[in-house]
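Two complexes follow with chain A in common, the first pairing it with chain B and the second with chain C.
Up next is the complex of A and B:
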């Protein structure tokens, strides 16, 4: 891949020892939060599948409790991996730009407060409309949960939104202080004009942050409309408008997590391959296309809304194909080319990141199928949906982030890696993970509906598929426990050192 | 940042992590004080609407409060019926529930015209006279919108209770039935909706009625009909779709984000050129100069 002509790299940013210590300590706090919340949220997922398999009787886990756990599991996972990938991105960004510590601290404390409020709203208040809190279910609980739970939840979302916006703006400000907008978006690579050498990581982060701000602004508008209605200033909101806003936010944040994860791989995998992963015209074109298309691809979440213009639905399908192919092809091809005949150092980090790119691709295929209108009429609201998003999340970006986190903790602690244990850990997570999502795919192919607390005897396939999934989740969880042990002890040692 | 501030932030962070974990572990049930444990055999299971939807209700025989007899189908033949199950000797929920139901029906109106209220006793000891007294107690004995009746036989009672998943238990100590308060909406003998619990608001009742009459009951308000603040589209069967102002709200986030990003880059550029970020600016200028050369 050719770089921009006459390109020159900017020197790396040098940080003082105090700045480095402070940044590392905060990063390790993020890691501790990750290591606590990840297994907790996995166990919540295990509980949900146990209920669906009827291993956990309905008396022990009634439907309203099931849905509150489902809400926490979904929102928790999305939020957790967003902050985890942002924390990882900030670590790598500090090589190129200066970031403000207070912004990172704001995000950290805001996230902790938001998580506490979310846990209170869902596990104690039984708030359970699902992670996308569709209007008007969110504010019309029909007695299932109390009003205070709704207010607590909306407050949590507002706190998370504000603190994450501050964090995002700081990252963009840091990039802007070093690069012009056209340089950060690598437009000179597309036009062939001379310019600065821009790492693909900077390009991906810039694209992702701008797209994410779109989602966050959408969430602000949605919360504002909720606020107007709850405060009695407006009679009601338009359900279709609210659904558009929530999916603009939800679709963007989930995809941005993946793009930032891929950005980390662009930055870290070359360290193991011993070769650089350079920017090029095709990389620049692909990721600039992402910025345009990712924002309008969210229409694929509204195919079933007959009240939406047909043209909008078609835009959704075209954009879904358009956004997936360039970024995935360029990244997967790039990863394969990077590893091909390289003297790869296969460690837990590199294995997880490499397999993560492949998992992202496989899950992306499932997503593409679901974003095709003809298929969506069959797959919509079946288990196919959790199948594909668990694939590109758990076996895609989560692997990438886990790999990056292990790499960071290993570097900061200086502890040597037990390669045999690393291979077992990666193999267990992947084997358990793929078996677990396979049960979802089979359920989707058999038209088993999603979001059912228990399956009727007419669709009892769903029950035994959930039972089989439990076996694979157990395997996955063993892998996660090994990971927690390996990364946790490195984190503790690193914390003592910094 | 001074070390004291850092220590403070570190403590807050650790405290917040601990709080997160502790809150997730603590459940209200865990901290609740021990309560009297009721006899599990006396705990009834309330009906589940999702399991009842579309279920056919048997056409049972009835003995009316005025001494005549007939069948349930006589009542549902002309209009939807709302069936509520009570017993006259109840010292608990039945009488207050009937009082509330009466008030709700009065607020909604049109009882006996658009729908029929049917109060059926599930206690075989109840005779037409008992039900007449019950109707009289609530001032409903002359209201043609209300029918008080008892099942004609044990089989009829069993068939009705099974069809509606109505679970009631005899409490020997209290000499009373333990039972849920329910009102069921039927359309031509088919289950449509149920209200379980001692509260039934006029709004809920009106929704049940609309459903029982086969009218479309939207979960969310229909856009354009009752003044939603912003709407994406309006729909009219003749004119089709027309966009509304809400569409602009969907465009706004992307436009605002791009403007914000452009603004941030412009502000940073201004900062660079005014020399605030001397180190970065110098290296950038050096690079640009070399590139131009």
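Up next is the complex of A and C:
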């Protein structure tokens, strides 16, 4: 865990009391949004599994409602955890760089507006092509939803994309002004030249933002093509091109949410372990490799599109395997070394962050299996797919973010922690969460397709697996309620103080 | 294949959970992190992962579903997907026939052992063409995408009825979109109709 030779540490950024209050207030508004949207989106997921288990009869939840709820649940969760992790990252970033409050406010207001439009398009307009809105279904309502729902949805995506891009660019600009981009990317650690001491957190945020902006560019091109087609230039869009564009965007945003969460772990877990986690040549090489490999790895989403060149399919698998190695050797091994025989302060925050790294590894194994072409032939678009990404998210980055959020609200409110309640909360979320994802893995292994509103006789195993999942979701939700209570009351007290 | 994947996954999960548990409990006897051992073990871990990745790539990359150009299929079946049914034909399907719900197409019986190439396209939105075996396990699949023809090759080893399900969300009728492939023994020459 060594630093670059002769490195010079920059002084911490000092904010005035007014600036600090203003920043904390906005962060707490983000926390409130998280505390409202998270349980709402979990309940949407519960509704879906209830329909699949036949506990909720088909006439109470017809297919068009199922698919519009599925679309909102998927997009909602991706968007929620992106803004939540970005808000958390900004809290820690303020120690190192200056950020502009107007960029953060733009993202906040843009997100609120985007969410409202998404809810209107899906729950009222019945827009339901799924969270990655695959072309051309995304603009082929066929009587299920009206054209206005399509336009509202695309407008929501555009607003979210613009406001998040502004936020990301502000962060990257702030980092580049203080460190320079090459220093933030820690190239001097790789070459061994003297230079600035760069916290690994800065390196990880830089990598993640660059990757995310790459994905956002892809989304801009895609939205442009949608605009041309809807304006009447019918031959502008191509199904395979659009699929490449949406998956490049979607793949990158979900992975950088993960990496930003890991960045928070790099920054906060050392406080609980009483040991530093410094940058080094190993850390710098690893994360620079991750930047390149995570972009190339997106091809693993199109293995079953045989029209793609075979070379890119092979590259996709090699890159997917490759990107796991630096993450494992530096981040996972580094986290374990940090905790090994350390005088750990086990609180809700540290437990959740530690368990989040574990969930990242487990979800990663599910992902590696699916990113193997030979296995993907059997698992593509089965329940194995939601199995691995729910593990990465719910039991990986969501735990990291929940831990970090609780930690922040605790610090700002000054309220002491009830360790017993914290352990129960963590245990219930993990027990419920792992049981819930296990039902997905079993579904994938039994060839149950994903995104079926109901399972017919050939795949009737899916029905009882969905029923079993409901039990685990209930356990999980009890844990979530405890979390909402503990974090919510701290958030309220903190808001009164700022 | 699916069972193998599940077993591999569960074994790896058990190893990961055990590792994290052991490390968490190590705090019961606190001490300094032994730096030399840390660095040595990191190199060992990296070497292990590189070797594991190399062996896995070597074993799995030759097994891809993409058609091999030098190998000629025994039989070609044309498939078009449209909300919410598949049409199968021994001849290329015209756009008019693919779009017309009143047009009913059929294929000659598929014989067990022959290498069949399914040439698959979507006519309205992207669908998925996923072949199940008689035990209800996915055997092969590809996408049915408008504007593209994906060539899926499969050899049915036994006679019987093989279900096909749509594997790409294509609208509200997605769960109902299916077909059946009837496969006969080589010696049998009766007409079997692929139904949808």
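Here, the second predicted complex is superposed on the first by the 495 of 498 C-alpha atoms of A that agree within 3 Å, B and C clash if a C-alpha of one lies under 4 Å from a C-alpha of the other, contacts with A are read in each partner's own complex, and residues count from 1 in each chain.
Please note the rule applied: a contact is a pair of C-beta atoms (placed from the backbone, for glycine too) under 8 Å apart; a residue touches a chain by one contact, two chains touch by 3 or more.
Remember, predicted model here, so these are calculated numbers, not experimental data.
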Worksheet item: Which term applies to chain B and chain C once both are placed on chain A by superposition, clash or fit?
Response: clash
Worksheet item: Looking at the overlay, what does A:17 touch: chain B (first), chain C (second), both, or neither?
Response: neither
Worksheet item: Which partner does A:123 reach: the first (chain B), the second (chain C), both, or neither?
Response: first
Discussion item. Taking the superposition on A as described, I'd like to know which of chain B and chain C A:33 touches: first, second, both or neither.
Written reply: first
Worksheet item: Just chain B (first), just chain C (second), both, or neither: which does A:210 touch?
Response: first
Discussion item. Per the contact definition in the header, classify A:333: touching chain B only (first), chain C only (second), both, or neither.
Written reply: second
Worksheet item: After lining up the shared chain so the two structures overlap, which partner does A:444 touch, if you call chain B first and chain C second: first, second, both or neither?
Response: second
Worksheet item: For A:307, is the partner it touches chain B (first), chain C (second), both, or none of the two (neither)?
Response: both
Worksheet item: Is A:231 touching the first partner chain B, the second partner chain C, both, or neither of them?
Response: neither
Discussion item. In the superposed model, only one of 24-32, 150-158, 204-212 or 276-284 in chain B has C-alpha atoms clashing with chain C. Which one?
Written reply: 204-212
Fill in: Common ground on chain A, meaning residues reached by chain C in one complex and by chain B in the other
136-137, 140, 238-240, 307
Worksheet item: Where on chain B does chain A make contact in their complex?
Response: 1, 6, 9-10, 12-13, 16-17, 19-21, 23-24, 27-28, 197, 219-221, 223, 226-233, 235, 241, 243, 246, 249-250, 252-254, 256-258, 260-262, 264-265, 267-269, 271-272, 277, 280, 283-284, 287-288, 290-292
Fill in: Complex contact set, residues of chain A against chain C
62-64, 67, 128-130, 134, 136-137, 140, 142, 144, 238-240, 243, 275, 282, 304-307, 310, 313-314, 317-318, 321-322, 324-325, 328-329, 333, 336-337, 339-344, 354-355, 357-358, 361-362, 365-366, 369, 372-375, 377-382, 384, 441-442, 444-447, 449, 451-456, 458-459
Fill in: Residues on chain C engaged by chain A in the complex (per definition of touch)
1-3, 5-6, 8-9, 12-13, 16-17, 19-20, 23-24, 26-27, 29-33, 38, 41-42, 45-46, 49-50, 53, 56-57, 60-61, 63-67, 83, 122, 124-126, 128, 130, 132, 136-143, 145-152, 163, 165-176
Response to the item:
In their shared complex, chain B is touched by residues of chain A numbered 6-8, 10-11, 22, 25, 29, 32-33, 36-37, 40, 98, 101, 105, 108-109, 112-113, 115-116, 119-120, 123-124, 135-137, 140, 143, 169, 172-173, 176-178, 180-181, 184, 194-196, 209-211, 213-215, 217-218, 221, 225, 228, 234-241, 244-245, 248, 295, 307-309
